[in-house]
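Below are structures written as structure tokens.
There are two complexes below, and they share subunit A, which is joined by subunit B in the first and by subunit C in the second.
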Partner chain A sequence: MKRKLLSVTLMIAMVACLFTGCSKNDGSSKTGSNNAGSKTSDQVTLTVWCWDPKFNCFAMDTAGEIYAKDHPNVKVEVIETAWNDIQTKLTTAVTGQSNTLPDIILMQDNALAKNIINYPDAFFDLTNSGIKFDQFASFKTALGTVNGKNYSVPFDNGAAITCYRTDILEQAGYTIDDFTNITWKEFIEKGKVVLEKTGKPLLSNQAGSPDLLMLMMQSAGAWVLDENGKPNFKDNAVLKEVIDTYVELEKSGVLVEVNDWDQYVSSINSTTVAGAMNGCWIIATVTSAADQSGLWGVTNIPKLSCAGATNYSSQGGSSWLVCANSKNKDVAADFLGATFGGSVELYETILPSSGALATYLPAGESAAYAKPQDFFRGDTIYLKITEYASKVPQVSYGVYNYEARDAIGTAITKIVAGTDYNTAISEAQKELEFQMGQ
Partner chain B sequence: MTKAKIRYFFAYAFLILVSFISVFPLLWMLISATNTSLDVIRGKMSFGTALVDNFKQLVQTTQIGQALINSFRNAFVLTIMSLLVCSLAGYAFEIYHDKWKDGVMKLLLLSMMVPFAATMIPLFTWFGKMNLINTTAGFMLPSISTAFLIFLFRQSSRSFPYEIVEAARLEGMSEIRIFTRIFVPIMKPTYAAAITVTFMNAWNSYLWPLVILQDKKSQTMPILISNLISGYTINYGVLMLAVSISTLPTILIFFVLQKNFTEGITGAVK
Partner chain C sequence: MKIRLPLEKRRKLVSWLFLLPATLLIAGMSFYPMIKAFLLSFTKGFGKTSEFVGTYNYQRLFQDSLFKTALGNTFIYLIIQVPLMLILALILASLLNNPKIKCKGLFRTMIFLPCATSLVSYSIIFRSMFALDGFANSVLMNLNVINKPINWIGEIWPARIIIILAITWRWTGYNMIFYLSGLQNIDPQIYESAKIDGASASQQFRKITIPLLKPIILLTAIMSTNGTLQLFDETKNLTNGGPANMTISISQYIYKLSFEYSPQFGYAATISFIVFLLVAVLSFLQMKVGDKRD
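Up next, the complex of A and B:
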């Protein structure tokens, strides 16, 4: 009997240990784990969710070090979290009314409006926080502005660029200048010559990916959702021109479709294609083939023929938001304003090693941005890109941006496969309206 | 060559081809772990010399040691607890008679049809109120009792000779002793199958640990791998090395318990 009693007691103790001993809950959730209170001397830890250790996490850590010089009581703790995971955790926390969000979140620009509109109480209004929003590229500030309130501090620059293998262009008798400030028609004509003389298409794109189409749309200041956030597919002349241009690119062989992102990266690094057109963050991919140093050049993108068309656009990019239920929101806002919104030193430090390009315009005047880049034949590409960013037309992405992009992606797959434009676009609009519950 | 030999030749050729196709992703993963990212992208299909560099980079840029410990602890504890609860439940469903038990079993089986994503937010809200976020208990509780494991043990218990239970009772053995001394040893293959399935599921679980274990030090291997993929530039060599390391424990468990797994899953009792 004693043995049985002992066994039962030991079993209960073991189970209790498993539950309590392994417990990691020290009673402090990430949000407000350190209450700043009113005293500035209180120790404050700002928790941040962002992705990519070499890029965003590095930038945030550097910002923390810069801010700590004047505010030694403030520490920044970066929790590396993939973007899709941030979205999942954000949705779960907000829907589950939990206070598990950190003090600061990095968010993809494409999802900014959706999250701010869907969860208006989740983010801190930064309008009167003292951050100088007029010192950022205006299209970036507009993305995080809802009902006249600024919710986001712009960070990662997504200004669109085209990278070309200059040696391949030269084989076809062209220079990088021949591809600067051109139209899509000229691009296709020259692309055909390059293909004929070198056997290399100019571009690659993931089949069914709407990225390139959206990039073209924004370059003309147009979008697939109207100002009320409703689908704007049918009778959208810009969309028609964009799709016609894409089909021509594909049919002419100037653009080659690949199956996935890995193949897209491979096509660039393996010189299957002679160029890459995307947000300027594609530079990190291009430069990863170190043996191609000195062979690449950078210029702007071609423009459409419609009214309002420009050679500038944006693809991707991200911004910082402060969570409304953070107990340190004022400190977080001050931190972002003093670093990402006010420190040229920060951008000068992160640019050389991470290639993180600012949309904070004064950073463009620093010496680091004017440094010639050997990989791009000594060109001052960072100055170029900062200038491109200031010329990107503003559009409103809207709440259903991702859904609209997906619908366009499906439509382009059908059109390339031979479906009539009007049929495919009508189906895409119906699909989006269904998802929007209309 | 006789007809039979030709048939064997084609059969073996087919089997070799299918085996190669099955093993190829694993082989490619191992080859890629020894190459640089650029070599992987360019499709190099032979072993390289970058394994040490990839390992150094993996250790420097991630907390792989902590993630391995976390994943192992979570999977180990969950497997033990799960086996304890589900084998008792499966045994009870078969050995004890109650007019409601079939109805309850059907309800349990129906619960398998509800995707976890649908119950995740209510669970998260509930666990938040119980202060279970960032705790191992919070991670384990939703998976300790699974309809699949209870069903597996119940089905296996069907071939368990009931006469032994009756004889043991006549001899004066307690119910707990009958379960631990007679049922558990006889049902070893089923336990082996359950260990394999539960350990693999716990090791690979992603969505629930992602939302419930939010502390920086709680990161598990699948989340670490997800972070490696989320960069603007992916180092495929480092990524494949992390995936290889993450795959090893599950491969090990599967090979050790392989024989029993096959028997257990078919409900065999020796």
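Up next, the complex of A and C:
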């Protein structure tokens, strides 16, 4: 009798589970049919993949709202997707010839040339779409231009800056002006004084990461690949100077190496180091330590001693691309042109809350950019950075950018660990030639 | 008119019908991609623009220094980690099989629990534990074992040891469960009579436990070899292959070739076939050495 009761109870429980399961399914299928319904009318939904909810997703949402004022039938749907996932999905979709891509994707500048050259059919040619490419910083449009065709609308600025803790500089007897428009030699000398008097290194860097080296290379308008796209390591005087400088920075203790990105961020926020040198998006990291407001200052980066050297460079940054498979590519192109390529209002809205700095030059004239920033001692840093962006030397990253960066990263790890420069560099060149030689 | 099959044939037909769905699924989901990948390994080019090049990719392997590094690293993990883990699992299993131990269930669960964690999250936790200012360094510093933090992930051998440690932590309990179930099948009378004959605990372990567990040891050895040759999550998330590619595994190199670098799917498929061959050869060797039943 007891058993029967138990089995009946279990049966009821199972049936109940089944029904609740069904009702859930009902719910989701309903929303599905709603979506399908909206497509049949004049409504256009542009789907966008980008990765940072506080930064580029926010900017895209804002752009969608601005565009919807004049085009109430266009809706922008942002799907948060990590950059690595975007790259993987893109490669899979294009080589598998499946139509799983959204209308617009955001792409790291480092990967622009690689993807556009490998998959020229995957992206919509924006050259004749009416977007005014000459209103963007030229080094950014150059990255997304292949065979004279523009494929990308530049988004955020990667112009290189150095942030310094002015209170620590003062303890060593310096002001931020002593670190403006200087050379790397002066930087190391002053860095040694700061280290001696305060015990703080000026910089931190992720061990084995090529970012800082590439930033230094670009500041002299030089690159690790020559104009024919061939590896150019062995007799590259600029590369030699960059690596020598890096090794000296590391050996003198002016720069400390950390192992991963989390440690890099914490070294800046917890004042292990007195400065940070990176693309200007690093401001978001610096300002996240709210208690250090009023202590930081921003200036340009040191320059190398070779010909063509400047105090300006770029690191990171990203651009928007329209997928060629999109059914609404003309709408997408018009949307990008009207917002990221034409709306100062957009940049004014996203700047204060996300720090998203434009490479759209007219935005630099807006009042929002001229607003003094209390965190940086009342300095108008956004005007400064927009000015830096216009002076960044133009280089072509090329298809094999990731391979080249990896090779450099491996070489610098070996050199810091004690391997001879020539050995490490010729190994790196050989490795890169192998990867490119298929 | 109905065709009547003899009973024997009908039975066979029914059993084949039962096998059919699984066979079709395995063929479609597993063998078809394998054949496709094999064909892919004879092509080169980026994505769509690929051309047939014969054995070019296989010849290319011999000049690839990064592939050699990855292969070497994977073998270091294999040679050190697999025996270490299996011996540890065997010892733990025979300890926990002792009927006199209390709270057996608790200990078994505790040792098995790491297997329930996600590969990515435990790798990230290990990375933060062995950071310069991480848990491991602060414990060692407070115990005065070291006076300067060790750069675990930044140096070649410490980084490799961390990876080996991490995999061992994650998979020992998994193998232990196999051994435990094998031990349950050994008749306790054998141990009793050995005890009466005066065999010590270590003698019992060597002369009874290990020989009787041999088929299961063989199984775990093949599974662990296979798993280690396909190691990916740990090296990707713990060290990301660094420093200077000295901890990169073969699978991570395949990932790099496919998704980080300009995609060379043909070459990546070639390397995955080498992994396949290695697994096949090593398993065959282990079966020849370990299984002497026929």
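We take it that the second predicted complex is superposed on the first by the 396 of 438 C-alpha atoms of A that agree within 3 Å, B and C clash if a C-alpha of one lies under 4 Å from a C-alpha of the other, contacts with A are read in each partner's own complex, and residues count from 1 in each chain.
We adopt the following convention: contacts are C-beta pairs under 8 Å (C-beta built on N, C-alpha and C of every residue); 3 or more make two chains touch, one makes a residue touch a chain.
Computed from a predicted structure; not experimentally measured.
When the shared chain is aligned, subunit B comes close enough to touch A:S98, but subunit C does not.
By the touch criterion defined above, A:W281 reaches subunit B but does not reach subunit C. In the superposition on chain A, A:E80 makes contact with subunit B only, while subunit C stays out of contact range. Of the two partner chains, neither subunit B nor subunit C is touched by A:T127. In the superposed model, A:T88 lies in contact with both subunit B and subunit C. When the shared chain is aligned, no partner comes close enough to touch A:N422: not subunit B, not subunit C. Of the two partner chains, subunit C is the only one touched by A:Q435; subunit B is not. Of the two partner chains placed by superposition, subunit B and subunit C are both touched by A:D262. On subunit A, the surface touched by subunit B in one complex and the surface touched by subunit C in the other have residues 84, 88, 95, 97, 262 in common.
Partner subunit A is touched in their complex by these residues of subunit C: 44-48, 60, 63-66, 127-128, 131-133, 151, 153-154, 242-245, 256, 258-265, 267.
Within the complex formed with subunit B, the subunit A residues making contact are 15, 18-20, 22-25, 27, 29-30, 51-55, 77, 79-85, 88-89, 92-93, 95-98, 100, 262, 265-266, 269-270, 281, 284-285, 288-289. Against subunit C, the residues of subunit A that register as touching in their complex are 84, 87-88, 91, 94-95, 97, 114, 118-119, 121, 207-208, 257-260, 262-263, 399-400, 402-403, 406, 409-410, 413-414, 417, 427, 430-431, 434-435, 438.
Against subunit A, the residues of subunit B that register as touching in their complex are 37-38, 41-43, 61-62, 73, 77, 81, 120-122, 124-125, 128, 131-138, 207, 210-211, 213-218, 223, 226-227, 229-234, 236.
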